[in-house]
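So, here's a batch of structures to check.
First chain A sits with chain B, and in the next complex the same chain sits with chain C.
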Partner chain A sequence: MAEGKIVRLRIKRQSGPQAAPQWEDFNVAYRPGMNVIVALMDIAAQPRNAEGQPTTSVSYEANCLEEVCGACAMVINGRPRQACSALIDRLEQPITIEPLSRFPVVRDLVVNRQRLFNDLKRVKAWIPIDGSYDLGPGPRESAADQETAYPLSRCISCGNCLEVCPQYNDKTGFVGAAVLSQVRLFNLHPTGKLHAGERLDALSGPGGHQECGFAQNCVNICPKDIPLTDSISAVGRQLIVHAVRQALGS
Partner chain B sequence: MNPKIIIVGGGLAGLAAALKAAEQGAQVELFSLVPVKRSHSVCAQGGINAAKNLKGEGDSAWKHFDDTIYGGDFLANQGLVKRMCEAAPAIIDLLDRMGVQFNRTPEGLLDFRRFGGTLYHRTAFAGATTGQQLLYALDEQVRRLEAEGKIRKFEHWEFLSAVLDEQGRCHGICAQDLHGMQVRTFPADAVIIATGGVGAIFGKSTNSIVCTGSAQSALYQQGAWYANGEFIQVHPTAIPGEDKLRLMSESARGEGGRVWVYKDGKPWYFLEEWYPKYGNLVPRDVATRAIHKVVFELGLGIDGQPAVFLDVTHLDPHVLDAKLGGILEIYEKFVGDDPHKVPMKVFPGMHYTMGGLWVDNERQMTNLPGLFAAGECEYQYHGANRLGANSLVSCIFGGFLAGPAALEYARNNRTDAGSHIFDQELRRQQAINDRLYAAAGEENPFTIWRELGRLMTEHCTVVRHNDKLRLADRQIEDLLGRYQRIRLSDTTRWTNQTFFFTRQLYNMLQLARVMVQGALARDESRGAHYKPEFPERNDERWLKTTLAQWDEAAAAPRLSYQDVDTSQIPLRARKY
Partner chain C sequence: MATATHELPAPESSSTTPSRNAFLLRRLHSLSGIIPLGAFLIEHFASNAAVLSRHPAHAYGAQVKFLNSLPFVLALEIAFIYIPLLFHGLYGLWIASESTPNARRMPLLGNWAYLWQRISGVIVLAFILWHTWTARFSGISVPDHPELAFAKMQAQMAHGWILAWFLIGITFVCYHFAYGLFLFAAKWGITVTARARRRWGWACLIFGVFLAYAGIASALAFRGILIYPVR
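Presenting the complex of A and B:
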């Protein structure tokens, strides 16, 4: 083991939603295989900054630590990503860590991503089943269709795609790539398709598909490699057909 | 007004209960530490069991039932297990209707694969992220009901305790906002606990950070019985890490993956040699003990390290991507090697608790009237060892049972509690918080936690010795003593994670003693509980459910035992 090797971190801290942000530097002991979460856990155990002054532990969200729950999104060396899969060995030091900037800060690296979940509600991102009682099997699906839909269903609602989207802000009210991709997912499903119109209606007004400037940053940042731009294009085509149908009154 | 049901926990069991209860007319309030979509159920990988018999193998609910009871070494009560296995095929159908992207056969039907402890293809799966896909389906349905005003979510809230009357009947909960940190009580006609696993008690495990067992422990200290706490599943194949042990699903072996080490310079497939019938798909306790033996007794770990190979390099890369993509991606991201090309290095890791809050054999109610439990936090369904892919089905079945049962209870027992019991509980919890803030000792909660994790992993997982268990219990008592001299590094009153962690730590320490003392008392080997001093199962003496009750005066568990329902499948020796 590399004795005495140090990991240097610069963390943007904020004690509360109204407080001014401040940078604080930390040094933690290096171990092979460690990730940013391990460094944050070390700070929590012995909260001292790089000057050796006692400080408070850095608040952050994390849960599964295997990049499937979506909790630990933060901006690391300028790039939004999941902290659990951010391995120290592959990061330039000092490692800068900031909260996602498109959501209100609660404390330090904890942000409030409720808007993302509200938007899933707004576009009715679900299959409207009749009830949870036994109605027999679901619709048959080809293996090929499953292989198209499954990657879309792996969205972990981390918000990284929104962080890099120039259009995701309070002014546009844009729902963003993650939510558009969910609309595509549910509109693909044999039962979900029956209600595609409702989801498309929700995307027709302000904050809907039209806000997308097609910067394509989202697809490059997605930790789950979801084909987000394909989804945006697919939903765009559906919206055109939907609008034409509505204009024709059918 | 419709009856009000509070559900604590938004994983599969909590969401399943919320869905059924809301659908049947309850007003549901759903509490969770994290946005429910981020619950630990997302980590389940390999699949969900149901005897749909779509492979022409003659599988049946009875065979699923028999495999589950046998796999659990006859410690599970048979009534609910049988009902679960019978209900499982319809649960899969429902999930399918909700849009879960299960893998498909050429005919467009659900595909099934093999898992541990069975000879049948009984496991439906969505890639290797089945738990995530199932959780999302229920999350979406709950969001739909939330939009209809039938469910209200309280996310980022910590459960502190139940509000009980003098008779021990539950009338609501006391909880604390993780951000604003205000403590509040919430009345309800019935409460369902669905707070999952206990991994943090073992320091590092395959569990998520929120799986501390704190809620179960708080309830145990309020008089809820805790059953079979000593039965802890150690999964044979996990990737050791600094922060956690990352699971490598049993499905890797279900799809043909092989476990081996070098012996005399050649690969030795020890599971296949020792267990020719089940091969790499023996139940987890058996595989874990075999790996321990190979590494610690035979000294054949890879490069002398505690690790064995889990090898999928011989399998078709397209099949790997379509059926195991999710876990291979985890290995590649966190270890840096491509498992398509090089065998993975794995080692057993603490994974699951078979034990949990005691619930009755009919409707998931604890011994405290009005308090129900479902999912990993309760003890039914898995006996002394859980079979792979049975957890998802038990979570959903348990939730589906608990939701309507709690609603029926609530309809017949509307809460009439006076405000004094709420005031009293609120004051009790605030006093605990005040003491914690004021604590001016020298002990660091994280140091105590790491020591607890080390003790539990060393003495209360794969191999258990009475002298070491006795020592561990004394050392946990010492840790409890040190806890009294704790100091918080952060005493601010806003989103103070150190505060919450330290609060949970006390509950972890108390629940750890339940596990250790249960293991110490049980002088036999059964399922995941293995004592070299008592290598055989002893039905005459130990075909019993362990019940731990909190002894207020001694501030320690008091153990008693209850008969197991074995009315349908007669006992037989467990030999794979």
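Presenting the complex of A and C:
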């Protein structure tokens, strides 16, 4: 191999959920247009650290490689983002790579996002259309609602908004911006509306909407440019209306 | 028959409706900061501005006398000041204790504002408890001797460090209230778009700066320092 440019990486590694994290340096050969995933693939192909010693390959998750699946979220140079859209050319070296810190580490850069999935289940972030018989076509969705809903539907559950949230921790049990925004999305849908009350009930409990401190980091970090703070406000309004209606018995 | 195996989608665990208390308590915390506490803050600063006159001791004393002549004044104080203050302050401490600030890592305006809302809250609580104790519950009884109210405050303010403590308290309470107004609109769903929040944010900023100016002008007037033209 010709003596080409080298990409330097510093990766925070952890051999298992209970193991202590430690940093390991890597050098990989530069190729034009490469992203962080390519660098991680190169390490996996020939797992040697910067000192040239053989080591284990770095575990990571990635699927779509086009920033629509959310799997490859990690903290790159201090900023949570998708590794697939993190181009080496635009990153300062050595590139530091860490797992998301708000989820338990499984191994190296792989984290367990179960809390996020549990919270999505808790608020019923779906539209129940399955039955044992044909339910027929649903009501039409207005063009205006489609305009609002489409950006919200782009959420990939990557967890970046949770990584930067000062309220997302074990003490608050906060569900986080992604989940609040999904509630707005499904409450907006003509069929999803039918379960709006249940979603709002879930968000009124511990860890719900009230835990948001409106630091607005989520909306600044979101790789899909979702108007998360708008969603938090909109859901806040729904919760107030819902609470007043219930208090008045309607 | 096979009908028994055909189950309709079960009503999803709606039997366990979670407690709404967390939501209601936080909304009450938010509301209590505006009404009555914010409303009282405005009233308090407006009353104190009586010192911005040619005869501050007289005007200030008349203001104190008027407020203490209100019917049910003790009940009003307890219901609209002491109880909301203790609730907002203590619940606020608990909220702040659950926070994990990261403004260094994410140095964004909203994130700094979030952190300072918590810092200012703690400082303001300490200031208000001290101020209520020294001005209302110790020393000369102001309700009984309204004519001495100005002299009492003047004696306190004569100490440079107490004046500084007042200026800090006033500045932080204005920040906390003004940003609290912004947060109230955001969390209650009044400002749902970024544009609305920007506009309302500017309104809150201007209001907060004005309030701080009014408060500081009144505090300095006890030392004869006038930053507002007295007619």
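In the analysis below, the second predicted complex is superposed on the first by the 241 of 250 C-alpha atoms of A that agree within 3 Å, B and C clash if a C-alpha of one lies under 4 Å from a C-alpha of the other, contacts with A are read in each partner's own complex, and residues count from 1 in each chain.
As a working rule, a residue touches a chain if its C-beta (ideal position, glycine included) is under 8 Å from a C-beta of that chain, and two chains touch if they have at least 3 such contacts.
Since this is a predicted model, take the numbers as computed values, not measurements.
Clash-free side-by-side placement of chain B and chain C is the outcome of superposition onto chain A. Contact with chain B, but none with chain C, is seen for A:57 once the two complexes are overlaid on the shared chain.
Using the contact criterion defined above for the overlaid structures, shared-chain residue A:27 touches neither chain B nor chain C, since it reaches no partner.
Of the two partner chains, neither chain B nor chain C is touched by A:181.
Contact with chain B, but none with chain C, is seen for A:15 once the two complexes are overlaid on the shared chain.
Touch counts on chain A: comparing chain C and chain B, the chain ahead is B.
When the shared chain is aligned, chain B and chain C each come close enough to touch A:128. Between the C-alpha centres of chain B and chain C, as seen from that of chain A in the superposed arrangement, lies an angle of 160 degrees, given as a multiple of 10.
Distance between chain B and chain C in the overlay is 6 Å (nearest C-alpha pair, rounded to whole angstrom).
Annotation: chain A residues 124, 128, 131-132 touch chain B in one complex and chain C in the other.
Residues 6-9, 12, 14, 17-20, 22-27, 97-102, 105-106, 108-111, 113-115, 117, 183, 186-194, 197 of chain C are the ones touching chain A in the complex.
By the touch criterion given at the top, residues 15-16, 31, 33-35, 37-38, 41, 44-47, 54, 56-57, 59-71, 84-85, 87, 106-108, 110, 113, 117, 120-121, 124-129, 131-132, 134-138, 140-143, 146-147, 149-150, 153-154, 156-157, 186, 189, 191-192 of chain A touch chain B in their complex. Residues 19-20, 23, 34-35, 37-40, 42-43, 90, 93-94, 96-99, 101-110, 126-127, 129, 132-133, 136-137, 140-141, 143-144, 146-147, 179, 208-210, 241-244, 246-247, 322, 326, 330, 333-334, 336, 400, 444, 446-447, 489-490, 492, 494-498, 501 of chain B are the ones that touch chain A when the two sit in their complex.
Of all the residues in chain A, the ones that touch chain C in their complex are 78, 124, 128, 130-132, 164, 166-169, 171-172, 198, 201-217, 220-221, 227, 229-230, 232-240, 243, 246.
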